[in-house]
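To start, I am sharing the structure in question, which I have written as structure tokens.
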Amino acid sequence: MFYHDNELQYDVEVEEPNPYFAKMLQQAIGGAEGEMRVALQYMFQAFAVPASKQKYRTLLMETAAEELGHIEMLATAVAKNLQGAPEEMREAARDDAVIDAMMSGGQPRQALSAGLHAMPVDSNGVPFSGNYVVASGNLAADMYANVMAESTGRLLATRLYEFTDDPGMKDMLAYLIARDTMHQNQWHAALEELGETVPVPASFPQEKENQEHDYEFMSTFREEHEDPGEAWTDGPSFDGKGEFSFGTQPGGGTPDLQETIEEMYNEASDGQ
Amino acid sequence: MFYHDNELQYDVEVEEPNPYFAKMLQQAIGGAEGEMRVALQYMFQAFAVPASKQKYRTLLMETAAEELGHIEMLATAVAKNLQGAPEEMREAARDDAVIDAMMSGGQPRQALSAGLHAMPVDSNGVPFSGNYVVASGNLAADMYANVMAESTGRLLATRLYEFTDDPGMKDMLAYLIARDTMHQNQWHAALEELGETVPVPASFPQEKENQEHDYEFMSTFREEHEDPGEAWTDGPSFDGKGEFSFGTQPGGGTPDLQETIEEMYNEASDGQ
Amino acid sequence: MFYHDNELQYDVEVEEPNPYFAKMLQQAIGGAEGEMRVALQYMFQAFAVPASKQKYRTLLMETAAEELGHIEMLATAVAKNLQGAPEEMREAARDDAVIDAMMSGGQPRQALSAGLHAMPVDSNGVPFSGNYVVASGNLAADMYANVMAESTGRLLATRLYEFTDDPGMKDMLAYLIARDTMHQNQWHAALEELGETVPVPASFPQEKENQEHDYEFMSTFREEHEDPGEAWTDGPSFDGKGEFSFGTQPGGGTPDLQETIEEMYNEASDGQ
Amino acid sequence: MFYHDNELQYDVEVEEPNPYFAKMLQQAIGGAEGEMRVALQYMFQAFAVPASKQKYRTLLMETAAEELGHIEMLATAVAKNLQGAPEEMREAARDDAVIDAMMSGGQPRQALSAGLHAMPVDSNGVPFSGNYVVASGNLAADMYANVMAESTGRLLATRLYEFTDDPGMKDMLAYLIARDTMHQNQWHAALEELGETVPVPASFPQEKENQEHDYEFMSTFREEHEDPGEAWTDGPSFDGKGEFSFGTQPGGGTPDLQETIEEMYNEASDGQ
Amino acid sequence: MFYHDNELQYDVEVEEPNPYFAKMLQQAIGGAEGEMRVALQYMFQAFAVPASKQKYRTLLMETAAEELGHIEMLATAVAKNLQGAPEEMREAARDDAVIDAMMSGGQPRQALSAGLHAMPVDSNGVPFSGNYVVASGNLAADMYANVMAESTGRLLATRLYEFTDDPGMKDMLAYLIARDTMHQNQWHAALEELGETVPVPASFPQEKENQEHDYEFMSTFREEHEDPGEAWTDGPSFDGKGEFSFGTQPGGGTPDLQETIEEMYNEASDGQ
Amino acid sequence: MFYHDNELQYDVEVEEPNPYFAKMLQQAIGGAEGEMRVALQYMFQAFAVPASKQKYRTLLMETAAEELGHIEMLATAVAKNLQGAPEEMREAARDDAVIDAMMSGGQPRQALSAGLHAMPVDSNGVPFSGNYVVASGNLAADMYANVMAESTGRLLATRLYEFTDDPGMKDMLAYLIARDTMHQNQWHAALEELGETVPVPASFPQEKENQEHDYEFMSTFREEHEDPGEAWTDGPSFDGKGEFSFGTQPGGGTPDLQETIEEMYNEASDGQ
């Protein structure tokens, strides 16, 4: 179960409020690369860990709780970018500044739906979707999903870093980038500890898959080519269980669907 | 640009049509782990590769075209599971069999919207979303996304393999599982060739991130604990650029938001 | 503006309540082929008609109001399929009948969220989306969208007709199918009256489009073929403004994208 | 910021695993009436509270953390309903029981995507959406949203209570129903403390609204009626600021839209 | 069933067309707080009212029809903000004015998809979703949902009021704000008439819920606190059926999930 | 199955990169009127064609492959509009130009998620949805869906044509507009060849529909009118199978729903 206290996880200061940056920050809250995704992803992954692997449940829950704190930080950053100026200044500048910017290029719902605060949506304004969450029941697949989530998440944070000159925002983002560095490292470390995990799921017996095609690079070029001799067409496969080769699509005959039962009314016309 | 021919990429036979399995197969077509996702993901990744890295564009496009053929195979499999029985049998069995199954536990839209054919939706009936596609502009992030997509995709295919006893379906899935094996291997091989890619993006200067916290495991347990001595709390970090440590959330003060401008009407009551 | 009265537009009787059919009917309410879509589509199309074309606004609004009544009829049909049995019977049968059916193959939210009533979702349970609505501002495009909406709508209704043996439901669907017949006819009649509308938009000057390729069937077969002599490869074009021909994709050079600005951190690895 | 420990908030036991009930429980996790919604709603509301109203921020965060624990409980309940039977029994019964049930009427993705665990989707399989969250910036609007969320949430829980005979599940739901009782009470208590909050926002000056129509019940019946003398057509208004009356829609002239600029190509046909 | 006439419900005039405001107005059409939501919500609630409570069905349908007229007004307002300027002026100003504004900060689809008209989407461009609609089958829950919908709807309208200086728009919004005042009042009046409705559903027997925890405020603070003596921790509960108290989460043991059946391939690695 | 080569289908040149136009182009990629929709629509339609109608399968697949090439062209156009300027210029202008434009009015995710490249979303930023695809199993319904898709698609392309002055973009759009001309013509030609297709589905026996109402224009005006003598109220129907007439809604009695079973807790209050 969960607890909280009143503090933010790390300082969130904004010197020069910027409504456009408030819009950009939404990507790190409700976007596919954002903190809601990782917080919930680690949580749902943890919820599926059997008692026999408690240590991984703990690992996932520790990080899930940390990510919840990142949502809080970013939501605070959005609010400060939309309202942080001293009251007098804001009053005076209102028509030209915040409201004007919201009108022409801000995210309308931050004002209209949330009264100048953060929302669980991305920078394009699209709501967070539960389908961003990957929790497969298989820890190796989950760890790769986590490496990927932290990779695109850190990439996003570095881009946001370049979109702002505000020292407070740069400091907050430098912290979040560091945490993404750590998280990438910890998921890789967990993967390593899990043992041989390629291909995922490693527990599926290799003899059940089609072994004619499991290490063959399949060229789909219109004109057939010679083997280009790439790292993925020659030599031992990455997982050490086969040898890369170079081929083309095997071909499986023309599809031969029957007519559907009459009751579907698939016939196009009167005469048929 | 793209071309096609009339053949399927690999055989698709169904001996015992099964409307429930037709529903399950939708996950491999329009689901988050499905073939529409990877086909489009590799395509959009390819579209973003600069001319200077043409070899990766080719790699991605080759596989994108292969995956398009998988969608075709799976859609054929759905149709055959919904209508493959000999006409006479189906006519006789209709009320008890296909239609009855669709009523009680099939996917209604396969019948109602598609006349007993496949749809670009998942096994729960949820439409494919463009937000499943990860194409970040950074090849390392993209390759991790691809490893992950093929990991969850192969996991899905192995589960589908267990949900059917039909030899044709098992043969088709054994082929798709093999291709997922290959694809996991090829993306790993490409990652290796790209050089040092952890943390992604590797081109962000380490000194710009907050180096106090970039290799620290942050415990969020309610009661503080001792360092458990895990692979992610001690020793050299996975990327070799730091040393794991064990700590807690730094804390950043209580959020201190001002009141919003009056024009937002955030005041709750009359008296305020 | 709008008015209502207490009557349904047409009788809705259910002799044998059937929770599975209640699920199926949702497609005709909140589905892509359903009544919410056409009601709102005709409304939004009407809202865009200029005063100079008032007659088409009227035509659209008349039908929009009719379609609102269809939603009401179908929602009543859902409720009756979920609860129509006499109170005593239902009480007795409850565990085996309605609730049992909802558990194993009904639409869970009709029970859990709506207390055994209709919802603005489709038969797969997916919520109605505003993006189903086509209202383009161009009446010819809108009329084609309407012909299409009524075509898939009537197809859906005929399939539903085959999924039920209940006389009340068959009577209601025979009415709805008839209305779809009329609506297809009226949109075609309106199209005819609008004059030459192909290609839409007919007001774009033909000389501005690329006239080398505007009546050429472009074969994308891997192996080049001879002109198959189809109705779409030879002879005068449907719009009478050109001559069909048979060709292949022209080709436009290899894409030559530059590297992105450094601030995007698109570089994959350390060394680059 | 947030913390956690290893315990569940309350016991979660399942005696008779039931895959159909596992599907139903998803509504309480990822549905519009579910725990993800309230957890995130209270969090985003808290994130928008200014420092001057800290007490309400605390109230909201306390409950948000509690709701996170409910997600954990429900996800545990889903897993136990899908896999709780003793290993030997499950092994034997597999083909007839869990997998069979998932095939014919379970939620496919609980098996295919999550390996027999919970997902952030609703009982129809639709992913959680960030747009379920209401956090308006105005505490009175937020409190009404919370009363409503807990009302539909408690209604859902009571219905789930009737869909199961499992004593463990009934005990868990009796706890969750009790918590919804408390939460309804606490949001009402907070509303009362906020002072006069009707109409929301109470801070908008009454003289700015159209005072001819602000307490008039507007009948839209096709045939005009006499005032029916209802609680909403006569007597003092609920907010005590006006007097209810009975009238009809005022009418505002026929819409008089001009033609759109030519560059939109809204003209339907050639001749125009 | 439904009827219409050619008039708007209330005047819609725009003196100074403003494409940015046209974007903002979309929130009141297709947004979570908008008129499509309330029109459809009241309709679906009405569709679920049994004959024995006809009076509430009438109340809901009356208001649903009124709200349909609000959609029409707002769509007219959008069109006039996008095209209302005199033809000559618009012709001259086109490149700098409407099209230019649409390019840099308008809502692209209002131009590209709708030819400068309204769409069933919100101000962020997100399509209306059927899942915004709350129609629970329980009138008390529905009435709270309606109070909430009109509260956030009125809040939205007051914010839009501040985003415009156009007298026509201010007049239209003053009317809509007044109607929201009335609707809040009428739903409250109906709630009052329904009798004791807290907690919703009031018909669930209190003895079936967990009475140890149904009036206890559960603090989730990391460090345990003393009872703060708030309106929601002490004294009689709002519903008069209990006494508020102050406590902490009870705790329910560590989750003890078993391993999943092998066929799910949840095992992470080779060795396991 | 599918193949590709390295060339674009047609030239894509951008002289004056324009981030706002890059946002607009997204509509033609991932929008409801875009190329992803038609490519996938023709593919899924082809997947459902029985062997007996192979010629239509070929027609659909030929065009599907062509449309895939259009996605590639448009994605290239987006990238060039976001990054096409000579490196030195871009470096210098960066803060004022691309990044500045992205901040204030570009599509944030093109930068933040894709590193200045195209995404599978529309111009409002909304992800592509599988529910845009219409593949009904009935070729006549499908052909009407295709006429409509190409009509709204061509309308979109002509509007985009007016939003740009760049000669490269105008040339690319003139090509795409020409292709839409061809595609509208080819689908019309196919419809003609299919024979009598109105009303769709033409295979449903006319005597089963309600023949009292199948050619009657149903006026829903509040006040009854005389027959206006329009093309849709008088004379032979478009399909030649009936005679248009003019009438009003038949009326079907007041809905008479029973109370729902108690277990749904639909009772609103205590006393009931």
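Each chain gets a letter, A, B, C, D, E and F, in the order it is written, and its residues are counted from 1.
The working rule: a contact is a pair of C-beta atoms (placed from the backbone, for glycine too) under 8 Å apart; a residue touches a chain by one contact, two chains touch by 3 or more.
Quantities reported herein were computed from a predicted structural model and do not represent experimental measurements.
Listed here as common contacts of chain D and chain F: A, B, C, E. Within the contact network of the assembly, the step distance from chain A to chain C comes to 1. Set against the C-alpha centre of chain C, every other chain centre is closer than that of A. Chain D and chain E touch with mostly matching residues; of the residue numbers seen at this interface, over half occur in both copies. For the pairs C-F and C-E, the count of C-beta pairs in contact is higher at C-F. Spacing of chain B relative to chain F, judged by their CA centroids, is 25 angstrom. Here the CA centre of chain A is 28 Å from the CA centre of chain E.
One simple way to say how far apart two chains are is to compare their mean CA positions; for chain A and chain B this gives 11 Å.
Among the residues of chain E, those touching two or more other chains are numbered 1-9, 32, 47-48, 54, 57, 61-62, 65-66, 69, 72, 76, 79, 99, 104-105, 111, 113, 115-117, 121, 124-127, 129, 131, 136-138, 140, 152, 155, 158-159, 162, 201, 204, 220-222, 249, 251, 254-255, 257-260, 263-266. Looking at the complex, you find that chain D touches chain A at residues 1-9, 30, 36, 40, 43-44, 47-48, 54, 57-58, 61-62, 64-66, 68-69, 71-72, 75-76, 79, 113-121, 127-131, 133, 135-138. Considering their complex, residues 20-21, 23-24, 26-27, 31-33, 101, 104-105, 122-126, 152, 155-156, 159-160, 162-163, 220-223, 249, 251, 254-260, 262, 264-272 of chain B touch chain D. Against chain C, the residues of chain F that register as touching in their complex are 3, 6-12, 32, 55, 59, 61-63, 65-66, 69, 72-73, 76, 79-80, 83-84, 87, 90-91, 94, 98-99, 111, 115-117, 126, 129, 131-132, 134, 136, 138, 140-141, 144-145, 147-148, 150-152, 154-155, 158, 161, 171, 174-175, 177-182, 184-186, 188-190, 192-193, 198-201, 204, 208-222, 230-232, 237-239, 242, 244, 249-255, 257-261, 263-266.
Those residues of chain A that touch chain C in the shared complex are 155, 158-159, 162, 222, 263-265. Those residues of chain D that touch chain B in the complex are listed here as 1-5, 47-52, 54, 57, 99, 102-105, 107-109, 111-113, 115, 121, 124-127, 137-140, 143, 194-197, 201-204.
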